[in-house]
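Take this structure first; my questions come after.
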Amino acid sequence: MKIGILKETQKGEKRIAISPNVAKLLISKGFELLIEEDAGKNSSYKNSDYCDIQVAVEKRGVVFKEADVLVKINPFDDEDLKMVHKGQVLVSQLYYKSSPELIEAIAAKGATAFSLDAIPRISRAQDMDVLSSQSNLAGYKAVILGANEMTKIFPLMMTAAGTITPSKVLIYGVGVAGLQAIATAKRLGAVVEATDIRTETKEQAESLGAKFISVENKGEESEGGYAKEASEDYAYRQKEAVNKSLFQADLVITTANIPGRKAPVLITEEQVSQMKNGAVIIDLAAAQGGNCEVSIMSKTIVKNGVKVIGTTIAPESVSTNASELFAKNIYNFLMHLTENNQFKWDLEEEITDETLIVKDGTIRKK
Amino acid sequence: MKIGILKETQKGEKRIAISPNVAKLLISKGFELLIEEDAGKNSSYKNSDYCDIQVAVEKRGVVFKEADVLVKINPFDDEDLKMVHKGQVLVSQLYYKSSPELIEAIAAKGATAFSLDAIPRISRAQDMDVLSSQSNLAGYKAVILGANEMTKIFPLMMTAAGTITPSKVLIYGVGVAGLQAIATAKRLGAVVEATDIRTETKEQAESLGAKFISVENKGEESEGGYAKEASEDYAYRQKEAVNKSLFQADLVITTANIPGRKAPVLITEEQVSQMKNGAVIIDLAAAQGGNCEVSIMSKTIVKNGVKVIGTTIAPESVSTNASELFAKNIYNFLMHLTENNQFKWDLEEEITDETLIVKDGTIRKK
Amino acid sequence: MNELIEFISSNLQITYIIILATFVGIEVIKSIPAVLHTPLMSGANALSGVVIVGAILVMLHSDPTDYVALALGFIAVVLGVLNVVGGFAVTDRMLEMFKKKK
Amino acid sequence: MNELIEFISSNLQITYIIILATFVGIEVIKSIPAVLHTPLMSGANALSGVVIVGAILVMLHSDPTDYVALALGFIAVVLGVLNVVGGFAVTDRMLEMFKKKK
Amino acid sequence: MNILLSIIYLISTITFIVGLKKLGHPETAKSGNLIASVGMGLAIVGTIFINDIEVPIIIYVLIGVAITIGSIMGWLIAMKVEMTKMPELVSLFNGFGGASAALIGVVEFIGNDNISGTKATMVATILSAVAIGSITFSGSLVAWGKLNGSLKSVIKIPQYNIINNLFVIAIISFSAYIVMSGSDSQLFLYGLLGLGIVYGVLFVLPIGGADMPVVISLLNSLTGIAAAITGVLYDNMVMLVGGILVGSAGIILTISMCKAMNRTLGSVIFGSFGATAVAEEGINKSLGTIKKTTSSDAAIMMNYATNVIIVPGYGLAVAQAQHVIHELEELLVSKGVNVKYAIHPVAGRMPGHMNVLLAESNVDYSILSEMDDINPQFANADVVLVVGANDVVNPAAHNDPASPIYGMPILDVEKAKHIVVNKRSMKAGYAGIENELFYNSKTSMLFGDAKEALTELVGELKGM
Amino acid sequence: MNILLSIIYLISTITFIVGLKKLGHPETAKSGNLIASVGMGLAIVGTIFINDIEVPIIIYVLIGVAITIGSIMGWLIAMKVEMTKMPELVSLFNGFGGASAALIGVVEFIGNDNISGTKATMVATILSAVAIGSITFSGSLVAWGKLNGSLKSVIKIPQYNIINNLFVIAIISFSAYIVMSGSDSQLFLYGLLGLGIVYGVLFVLPIGGADMPVVISLLNSLTGIAAAITGVLYDNMVMLVGGILVGSAGIILTISMCKAMNRTLGSVIFGSFGATAVAEEGINKSLGTIKKTTSSDAAIMMNYATNVIIVPGYGLAVAQAQHVIHELEELLVSKGVNVKYAIHPVAGRMPGHMNVLLAESNVDYSILSEMDDINPQFANADVVLVVGANDVVNPAAHNDPASPIYGMPILDVEKAKHIVVNKRSMKAGYAGIENELFYNSKTSMLFGDAKEALTELVGELKGM
């Protein structure tokens, strides 16, 4: 079975779906691999890195033509689909819930498609869980980015030239990204506060040294590790509880998501206007509409002295590690789906069932 | 006595010599202060912050005209000097050793000039030591910048999607900046190595958790806490000892300086070419010609996959803290020089003697 | 009570011995790690086998014709020795685990 | 040597008492914090004042005409009491510092 | 009395004291036991051969035979019993000791031609020897039966502790009567013997197996006292002192045993006993019962181990015990133990959670092992210390297809020789499922907050 | 002998044991002292009033007078001596005890009409009482003189320890001779007395003041033995047992004292003694001598303190002791002590060096105080613990215009009640200058690597 690795076309994207290390693994398992030329460049993988391990480096067209399975990180776009042909298996993050027309298009092509973002949050699936592996890095990078943008330093320092007070960092959403953000900020010596709609995250946040801001929660439970949409009322109570910290924060990182839905707005423009001069907001949910009203995806907006940076949990900037992990996830995923290099199509099995969105042109999930 | 605070004109500079807090202090001591408008903007100090505490916010010309003492971070340039008039006292970093013509010019004006960078490295002068206070922040920021530029993360992480090995960081020059860089990188979980010509720095580096690369040192001692220029031979031995680490490093930070001289070249272009693809070099000595052959001041050069960023120990980017500390240094300096708001001109006293470069038009130091 | 006083006055030194021995016993044992509880119990048990001395004395003093005494004494000795030998042996085995591996 | 054996055989129980008492003394003191060294020394010193008992006995038994004995006994008692009373008092003062401040 | 013998006795007495002393410390315990046994040997040999009376050969022969039989049997039994059965064996031996004491008493009583003539104290001594001896005898036998399972069910006698206390009173008053009356009726004697035996049974029978060790230790110190009494009988120093030593030491030991199981000796003596032993925490119908341990036991285990593997989990983070665990690790290393950390990829609540923690306390990266590298090594680990981890060491992931974590790779701690698990309770982890590892016979549970438990552990280890 | 008296003695003996026991723990020491003293009181009163012989009033009067005088004097002296002079006082008292014993011996000897008739052992006992008594007497007095300074210089007698040992032999053989000869010559007696006194002087004279406590403790245990011997003399139990207790306890105490000053008892008894005491480390001509301390002393100081301030310095970083210091801090807090860290702006080798370290071990930011905030607070700190800091607490910055650090602001630790300084040696810090703080009378030095020293400290504290 031939696996084709495509170069990411989405702007700003630096990652690649399969790293040389994992390519080697797959080949050792008997798969054939071909890769679009320069696909690894931005993750500092040279074409030679792939050649050296018998991955055929080809022009884009060739990859599309020859591969049985096409792997990619970001959703296949119309350009890609033009070249997809019947019977091909597409593996990538499709966000099928929020992009029905894409699914239609794929079906129309008579292709088969797995959506990596749909991997269920069950223990045995953790090693295929691209959301976890990527948001984890995103959490780290968000803090580094923030620290780089700020005009202050994180740690407390008592020096001959006076004392520098530690920066205050506020984290919305204590998921994978949120936790890693807490850990990183804490390491750098910041005073970290965090809040989340899921009460079970209090202990988790505290286990990493953050102060948790509890918002009394009337029945906003989570399902399968994910949060449900919050009520008007909750949103209000949340502001009540968090504002004091928000207005003193030097760095704010928002990671709140509700899968398949628009991200909840947690910081209104009005709130931003009351924040400290020189504060920075990193909105990791920008792609889903943003947790901050002001933020715009991959833009830096300055609202009276407050920098608002919109980005995603896709940690392009740490592409080397990100690609490595993503690749490992795909590897585990393929190992799970296949048996001596052939798909098992075991539709009873939970992971397959949840991720297989289109099968030979018929849509299984909406 | 009227102190005039000037806006920094040098490009990229975001700091300001006197912060509102310190301004308040000075006023409480009976000084009069005026400040050029928007001087604090880039350090996120509003004009209002100064107004509110009775600092007169004025046009540039006015400040030059009315002030008895003009304070500034970077050397006065020709533009400035045009407006300087006889008898005025200029306080800033003049680097007089390396810029004689500037000193001439000041003398020609019949002005008086103190050079902050000339403050002796004696214990009681530590609270005026701008080099320390600034390089300290620079060391921190260099790591943050590096982490932001790298395509890898610092810490070791054993995750479901595989293990991320910790980044290797190499620090040249274990001075104030170097030490803080070690501390920061270590905090973020990197594996840190460091080297310095002064053997006494071994213990210091280790006390912050770095592995010290000792280069056998035949008589390159330091004087007054500063390093002397290294011999050919030493430079060779250094490369021998460090190369292995250098070629595996993900981030390299160079802080090596010899005051008043061109910074020593520690990394040749040839060495860079052997470094890891994707590695990053931050050269804090770029302003003094750079420790890395490739680096160019405030530019990012990519040499076969290696990013070389030239910057200085002037931590503009963390301007808020930087300005605060710098201001505190100046405050302590002025407190030391003056008695009820008048200069003491005690030329016997070490600190005054070392820093007073030009007195009423006559040059005291070359 | 009077018995007690009487006893004390008649065996004053014995009384001191008893009291002192009690203190020694206490001081020697207090604050030992819990893992040693069983071995120590076993060891103490072996020690309590000193009754054997008594048993032997019984036999030594009983005249060869008094079969009852002899028989009982005999049993007493056997049991006593069992207690002593077995006790020490078991204790020793229990303590195997404390041999430093290195 | 023979003296020793003789002594033992003649005061067997005394011997036991001495030995046991020695053990008690050792067990009771070993492993105490260094700050307590001086107070403990002082306390022990006070205890060693029990010789006073002997001194008193001397006086009780000496006949009132034997002035030498009386005189010496008298001094002995004074010194002994000094040792006892002074000793305990000093020890007590030394131990002031161990009153919990809170 | 013969001077040589007295000196021999003196020496053996000293060996007893020294022996006991040394028995109290892991390093010296073995030698202590040896010393004491030597002393005992001396005493016995001395008693036999050094005496001023005329003893017919036949008696020597008999004694010789008796001793040989006893020694051989004792030795054999002791050697072939397996580790787990030792406590019950101790109990058995103890019973024999008691019997021996009782018999001596009997002989003295019946052997003595005019009991009525002898001093009251003497008679009292004899009788108490009989009574105590018989109690320890029967009591120990019952304990033994309970431990080796031949006496299963916890027999609950209504108001048994009232009955018991009545018995005590009966025994005392009865012997008192015998003394006063100065009667020499053997009937009475056997009556007393009987009472003792019955009481011993009643005393131990209602007690749950879990508490047996305490009982044995208590009975043991009784034997000691019996021995001492017989010592008085013959004013024989070694018996006297030896007996007292065992008596007092035994009591203290009993108390500390109770402490270790946090009970009071009171609750032990007056029946309330066993009560809790029935409603043991952590008994699970399907999985069986758990084994609790104390920090000092865990400490000793590790101290004498060659390889120790630490498995940190989310609990370590919750307790913020990263600094203590590092201290523990350093301490063990300084004692020549090889220590490694086994990091499960999803231990904690975020990827790399354990790495963040351990980096904070400067644990050397080189001793952190990934799951795949460490799993083969568990087999030759002497002790695995699981700290606040649960799901990541849950064998259900291998064995139980129904389990939500089935198919997740786990750390194979089961392969290790001993497993010590520290957590606060028997509560489940993230996945909310039972963990059969905790019920494994090789596993012992060290309950408590990780930080506190580990701090104690470190304390104990420093003491060694 | 009167039964009541025996029982009283029995009781006092027990109080002695219990008292000594309790004296061994800070919490119970006071009560222990009390108990023992009560027991002593009992014994004395008992001895006086309970006896079967006919005693003329006059004697009672005399005894009464003697006791009153002794008590009052003893009490007054004890109450008005200041803390620092106590050890020498103890020594003095101890001397009296010795004298008392010696006198008893003398009286017995001369009072005894036919010494030659009495059993050899008895005579031996008497004589040893005299000898030991006299030795302790003179020895203690010399020690006392040395401590209160009236006997300044360390008198060095050539080969004094050969001489000493000769003396010992002389004394023994001489008394042996007296016993054998069965002579009752008082001359001999006084000769022995003399020998004893001289030896006592010779024994103590050459010893350096620093080692006096050890000597006193040794002499003290001698007194104990003397008491015991007189006990044998009168076969008086309380004296016997009490004496032995003091004797053995005293020896152990002496040994542990030596340990604490890391010497061996051997080096104490055979003169090598004092040798080191002359070449004391850390004596500085201008600044005087330093005071060393042990971790347990430091621990107790802190345990009973209300406010403790920790001053970290570069040494903390070098030793990587940030985790231990945090543990120490938590421990103290848990014991109700208020703990703060005083952070000097230039402590360490880079700005914020201490902050990095302490942040790593999660020290709460709120207890880190800047110099200006903390300086006023030193005055009401009971203990300041300086860990690996030097220049930043060097008073020279205030006092000595010549000093390179003159004019640098420092932490005013001198204002605190006690100062404990931990560093490895007397070496200088960054500025390379002496620090008179270390020679301050309030300062005690806790030498050793910060990590090890603090770990010990924590251990000790946990034990309290």
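Each chain carries a letter (A, B, C, D, E and F) given by its place in the written order, and its residues are counted from 1.
Note that in this section a residue touches a chain if its C-beta (ideal position, glycine included) is under 8 Å from a C-beta of that chain, and two chains touch if they have at least 3 such contacts.
Since the model is a prediction, treat every value here as computed from it, not as a measurement.
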Which chains make contact with chain B and with chain D at once? E, F
Looking at chain E with chain F, do both copies bring the same residues to the contact (over half shared) or different ones? same
By mean C-alpha coordinates, which chain is most distant from chain B? C
Distance from chain C to chain A - Cα centre to Cα centre, in angstrom: 74
Gap in Å, rounded to a whole number, between the CA centres of chain B and chain A: 38
With chain centres taken as the means of their Cα atoms, state the distance from chain B to chain E in Å. 69
Geometric centre distance via CA averages, chain E-chain A, whole Å: 57
Please set out, as single numbers or ranges, the residues of chain C touching at least two other chains. 13-14, 16-17, 20-21, 23-24, 27-28
Which residues does chain A have that touch at least 2 chains other than itself? 126-127, 132-133, 136, 155, 157, 159-161, 164, 187, 189, 209
Pull out every residue in chain E that's touching 2 or more other chains. 17, 21, 237, 241, 320, 345-346, 351-352, 356, 359-360, 362
If you go through all the chains, which pairs of them touch? A-B, A-E, A-F, B-E, B-F, C-D, C-E, C-F, D-E, D-F, E-F
For chain E, which residues are in contact with chain A within the complex? 314, 317-318, 320, 345-346, 348-353, 356, 359-360, 391, 397, 404-408, 431
Which of the residues in chain C end up touching chain E in this complex? 3, 6-7, 10-11, 14, 17-18, 21-26, 28-62, 64, 66, 68-70, 72-95, 97-102
Considering the complex alone, what residue numbers of chain B touch chain A? 14, 42-44, 46, 126-127, 129, 132-133, 136-137, 140-141, 144-145, 147-148, 150-153, 155, 157, 159-162, 164, 184, 187-189, 277-278, 305, 317-321, 324-326, 328-329, 332
List the residues on chain C that touch chain F in their complex, please. 5, 8-9, 12-13, 15-16, 19-20, 23, 27
Can you name the residues of chain B that touch chain E in the complex? 155-161, 163-164, 166, 189, 191, 209
